[in-house]
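Below is a structure I'd like to ask you about.
A, B, C and D are the chain letters, set down in written order, and residue numbers restart from 1 in every chain.
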Amino acid sequence: MTDAIVLAVVVPIFGAMLSMIAGLRFDRSGWTVAALTCLAQLGTALAILYTVVQDGTQRYELAGFTPPEGIELVADGLSAPVIVLVATVSLAVVVYARQAGPRGNAFYTLYLLLVGGLAGVTLTGDIFNMYVFLEITGLAAYALVASGDSTESAVAGLKYLILGTIGASLFLLGAGYAYIATGTLNMVDLSEQLAAAGYGSRLVLGAFGLLVTGLLVKVALFPVHTWQPGAYSNAPDSVSVYISALVSTVAAYAVARVLYTVFTPEFFTANPIAQTALVYAAAVSIIAGSVLAVLQRDLKRMLAYSSVSQFGMVVAGFALLSQSAAVGGVIHLIGHAVLKGGLFAAVGVVAAQTGARSIDEYAGLASRAPLSAGLVAVLGLSLVGVPPSVGFVGKFYIAVGAVETGTWPIAAVIFASTVLTLAYFARIIERMYFAQPAVEPSSDGAVAVDVGDGVSADGGEEIHSSAGASPEMVAVVVVAAVAAVTLGFAGSAIESFLEPTLVEVFG
Amino acid sequence: MSNHNPETERVERPYTESSVIMTTVRVVAPFVFTYGLFVMFHGASSSGGGFQGGAIVAAMVLMLAFAFGIEPTQRWFKNTAIVLLATGGVLAFLFIGVGPLLLDGTFLEYSAYGFKKAPKYGIEGVELGIGAIVASVISGLFFAIARGFEYTEGQQ
Amino acid sequence: MSDVASLRPLAAVLVSAVAIPLIVGSYRRQNLREFWTILVALAKVAIVGSMVPGVLDGTVYVTDIGAYVADISFVLRVDPLGLLFGLLASALWVITSFYSIGYMRGLSEDSQTRYFASFAASVSTAIGVAFAGNLITLFIFYELLTVATYPLVAHDETAEARAAGRKYLTYTFIGGVAVLAGTVLVFSMAGTTSFTPGGIGELADADPALARLAFALLAGGFGVKAALMPMHSWLPDAMVAPTPVSGLLHAVAVVKSGVFGIARVTLDVFGPGTMQDLGVGLPLAAIAAFTLLTASIIALRKDNLKRRLAYSTISQLSYIVLGLGILSGEAVVGALLHIPAHAFMKLTLFFCAGAIHVETHTDDISDMAGIGKRMPLTMVAFAVAAAGMAGIPLVAGFVSKWYLLIGSVSAGQEIFAVVLLISGMLNIAYFWPIVYQAFFESPDAHDEKPLIESPFGGLFGSESGESTPVDGTTVKADGGDTVNDDDHDEHDDADHETDTDVDHDDHYHHGGPPAGGWDERNWHGSESTWFMLGPILAAATGALALGIVPATALFLEIVQEVAINVGVMP
Amino acid sequence: MIDLLTTKYNYIAAILLMAGGLYMVIGDRNLVKKVIGMNLFQTGIFLFFITTAFVEGGEPPVIQEGVETYVSPLPHVLILTAIVVGVSLTAVALTLIIRIYSEYGTLREDVITEMETDD
């Protein structure tokens, strides 16, 4: 079943080509192709998961060349859950995009390319290969962000492109440093050769700094997050859902890969300053992201800044270098993807139902769109970290890790993050349930609200369809909300699944 | 060039045919194309490969466009053809790569095909695919950028 | 003690959660919706009650759902301490359900469906808090309780209610964070968070500084809901909620879950022995003693009845915490017994306040002179409960306070006994005028109440320090008047004005006696509906039963069982 | 210093390219120039990568008779890929710029920001 590893990457790219070719003849074939492709990819992802559960880590040598010369794909405890996440979210977003979408074949081609790129980043065991897949991911993501109708989306896409390219270039430079220091690009081989080259070596330190900084740009940690709010909020709704759920997530996964597989905890024992810097950068991001989120009036922007904060938490989990914290990092990575994707999807549903996009327009939403309001509330509270949802479980493990390692300031920030997150979510919940709309919605469901810059050009488009949210769009949000709660009970299962891989890392 | 808006401040330089250029291009083009293919095929055994070969083939397309005008060239090298060539290249790569999986090999493990010099032909096939992608994408980008953009309202 | 695997604890938690979709689903049909509430309340009390004999025989009912996080199980255990709270909450829910129906219909409130659904959710989580078998499970339900009660606090949808809701969420979530931090510390020190009567052994050997920190975080975190000073100020603000909610908050679920959490921490996590070693009992008791006195003094100055009751709650809860801090056998018994005792009495008092509000729209004590004529049964119940609060014998409060007094003396901490006695007198001071003027005065002829009406000490404002002592009355959202004595300092007057503009003008009129004084009603219940009178009398009867025959009223027996288990009683 | 210039000139060139490129990306208001800066930055990295492959006295990595030392072929292959990626990025960037220009009529970032906030 190991062939599933390569198929997980090949299938989406194949689908992308198919969608492009089919687009020459049939205008509306994109969705069908994308849906089938994502279904197939989900199959391969589950097969990978199954194999890893049964037989442990799988390595797949491409073209029959043995690493370190050949390129290999790796499915271990770390990458298997992420690939399943990628496949699942991809399928869900395709379902969501059927009604919400951009509908063209070009969209689905780019979309499937993005899926393939993400799968590649997840599964690759080679650092240069990772760069290539990161760039494929980036390219598709830039184009998708810019595919929105609004004038801002092109600017947001370009900004994303420039910063993303700088980040990826730094990553490439770091890979170059590592290559000079060791003469290899295979991750496992690198970890041995780097140790041999000496962790104190400037080349190795430079490689670490450049690789991690490059990835953190893609993760959008404060203060290199500046591309992210614009990209999230100006992209079409389906794209927002997808990139908020997966793009930064996979970049954060890559951080974990680089930290654990390439540099290994011994590197940090030799260079404690590297760990300290990373952990504190993450902590600053947690706080700054929350503060910026509180200041936002547009809901998608607020959610975007919230991601800055949440990814601070994930990176902190990885960088604490304790097994519990790493488990927490992975759980929060998955949990955040489900929650944030679900929230963006919910925002899209609400916009389609009522035209509301700013926090002020959410006033009294509970009476206009009770189901959507309830879903936003459930997902929001999960993100705040109300148990037993998944948002709590990740936070708990990370906190345990922080306490175990005795990094008290970080522990304090992580505990405080509950209240920080509450600071921006309580507003929404309160508005939805306990406030009257400032302006009564007109009878056809459109909202004549004149609040600042709330409704942009694309908002105008949504207004014409009061029944704009299809059942499957709502269903996607419902699934996300249910997953947010049920995944909360999967904490122990994920932990035991990760254990063999992490024991290898932490000894 | 067709949908150029007269309101632009750019100076309109109408395309003029030059028999010297046209004749030269007519003669050179097949050789350039052949050279491109040569570079692609040589990816397996010496320096060369799909990227370089594809770029050379694309250069030929560009050359034709400069000599005969972009419009006529595009009529000849249609968008559909570009898309088919690009996707066909990717698909060729994928099929050649996935083939060994059916024969109990790993992805891109050409020797699994079993016939003599399979790795060589495999690599050449892949290089051809890559060449097709590069050539078509570069031409496509060229045409896309040459097309320029349409003015919308709110123009200053 | 023997553990028995059983689904009954889970059923007890889930039964009211199941009711939520039923209640929401039948939102068009009021009667059916209320039927579900009542049915589920009865089912719940039956399930909990069915475990009483077993628990008293030393059985512990356990539902173990499996590992939740980091090998900590999601486990529900019905031990005597859990049963104490569970039985109390489920029994009082029945009473409160009936009362809610009377109250909500009496005022024809908006969003009743949301109200009843949240109510069911609150009780479900409160039972979860009671039966939680370890700190993580407790934390889960503790946070869910916060979420479930938030809609109840903000129910009125006015600016004031929203502000109160915000404050409530902020305070309790910060408290929750502290609880979580303490839990994580305990887990990393002891490797377990399971409740063990008498304390988790590993904690005794842990780093004392960290153990103290963990205790401070846990006690402080639960202390927020238990309204220990200085973390109490959400509670009086939450009085904007409908009265049954106040009853629920104060008597049944929320504050009691905080107190119950402290009880779990002191008795089952750290245990008396470890607490003695760490020396954390005394500071806890000292904070409780301070809260107890200060809150009583503030209560004296509150003219709004519900606010006075709120401060009374703050003070009474500290009795419980004080007893837990003193840690001697009798003190613990007294403290735990005060949980049900206070619940019955305070519920009665709040129900009376609510009934008065529904019937006469009067919220201020100064308007209540002679109200005994108008609402005789209600005010009798009020008098009984008030007497209990002050510790007059034959009512529940006396028994628990008696144990507390003995406990503090026998622990050699007489100072706390003195505090208890002073507080008892203060209790009389702030309850007696209400009772007295209700029966023996009339609106046009009643004594001055200098304590409320004159500046405090002749100089200062009351604790909120309002600059304009008497600037007329501002109008509260729930319809009554309030003199400017309230301590919601953060809402400016503009808030109040918008309140009245926005909504709830349906029952916006000035309270107080109608012209010509209160009319006289008979003693057969014509003063109100039996939906409200019944619960009031039931709760008052409960308070009396606990006071007159404590030994047969079940709770004392359970409490003694707890004390024996944790090893503070032989 | 002279020594550094004569022996490590390739690194200096790469660093100059990268620094110049980065400066253009950050400092220049014109979007096209930003993209050019981005390309310069990447080119610096490519140069850095390629020059590290050089082996003293090495021949081009094509197997020939009688040659013992070859330069390392791997960086060339990698950078070829990176160049392709770079070209694609530039293409996407230019497409976006064309769209931005057609919608805003300007390429100056500050003007665009102003127009966005004005809306």
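In the analysis below, contacts are C-beta pairs under 8 Å (C-beta built on N, C-alpha and C of every residue); 3 or more make two chains touch, one makes a residue touch a chain.
These numbers come from a predicted model, not from an experiment.
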Pair of chains joined by more contacts [C-beta pairs], A-D or A-B: A-D
CA centroid of chain A to CA centroid of chain B, Å: 35
Chain A and chain D, separation of their C-alpha mean positions in angstrom: 28
Whole-Å separation of chain centres (CA-atom averages), chain A against chain C: 43
Intercentroid distance (Cα basis), chain D paired with chain C, Å: 68
Multi-partner residues of chain D (each touching 2 or more other chains): 88, 99, 103
Arrangement of touching chains [line / ring / star / complete / other]: other
Parts of chain A lying in touch with chain C, wherever the complex brings them together: 324, 381, 384, 386-388, 392-393, 396-397, 399-400, 403-404, 411-412, 415-416, 418-419, 422, 426, 430, 433-436, 489, 491-492, 495
Chain A contact footprint on chain B (complex, rising order): 80, 83-84, 86-87, 90-91, 94, 97-98, 101, 105-112
List of chain B residues in touch with chain D within their complex: 46-47, 49, 51, 134, 137-138, 141, 144-145, 148-152, 154-156
Complex interface listing, chain A residues touching chain D: 128, 131-132, 135-136, 138-139, 142-143, 146, 151-152, 154-155, 157-158, 161-162, 165-166, 169, 172-173, 176, 179-180, 185, 453, 456
Touching residues (chain side chain C, partner chain A) in the complex: 66-71, 74, 114, 136, 139-140, 143-144, 146-147, 151, 154, 157, 161-162, 165-166, 169-170, 173-174, 176-178, 180-181, 184-185, 187-188, 502-503
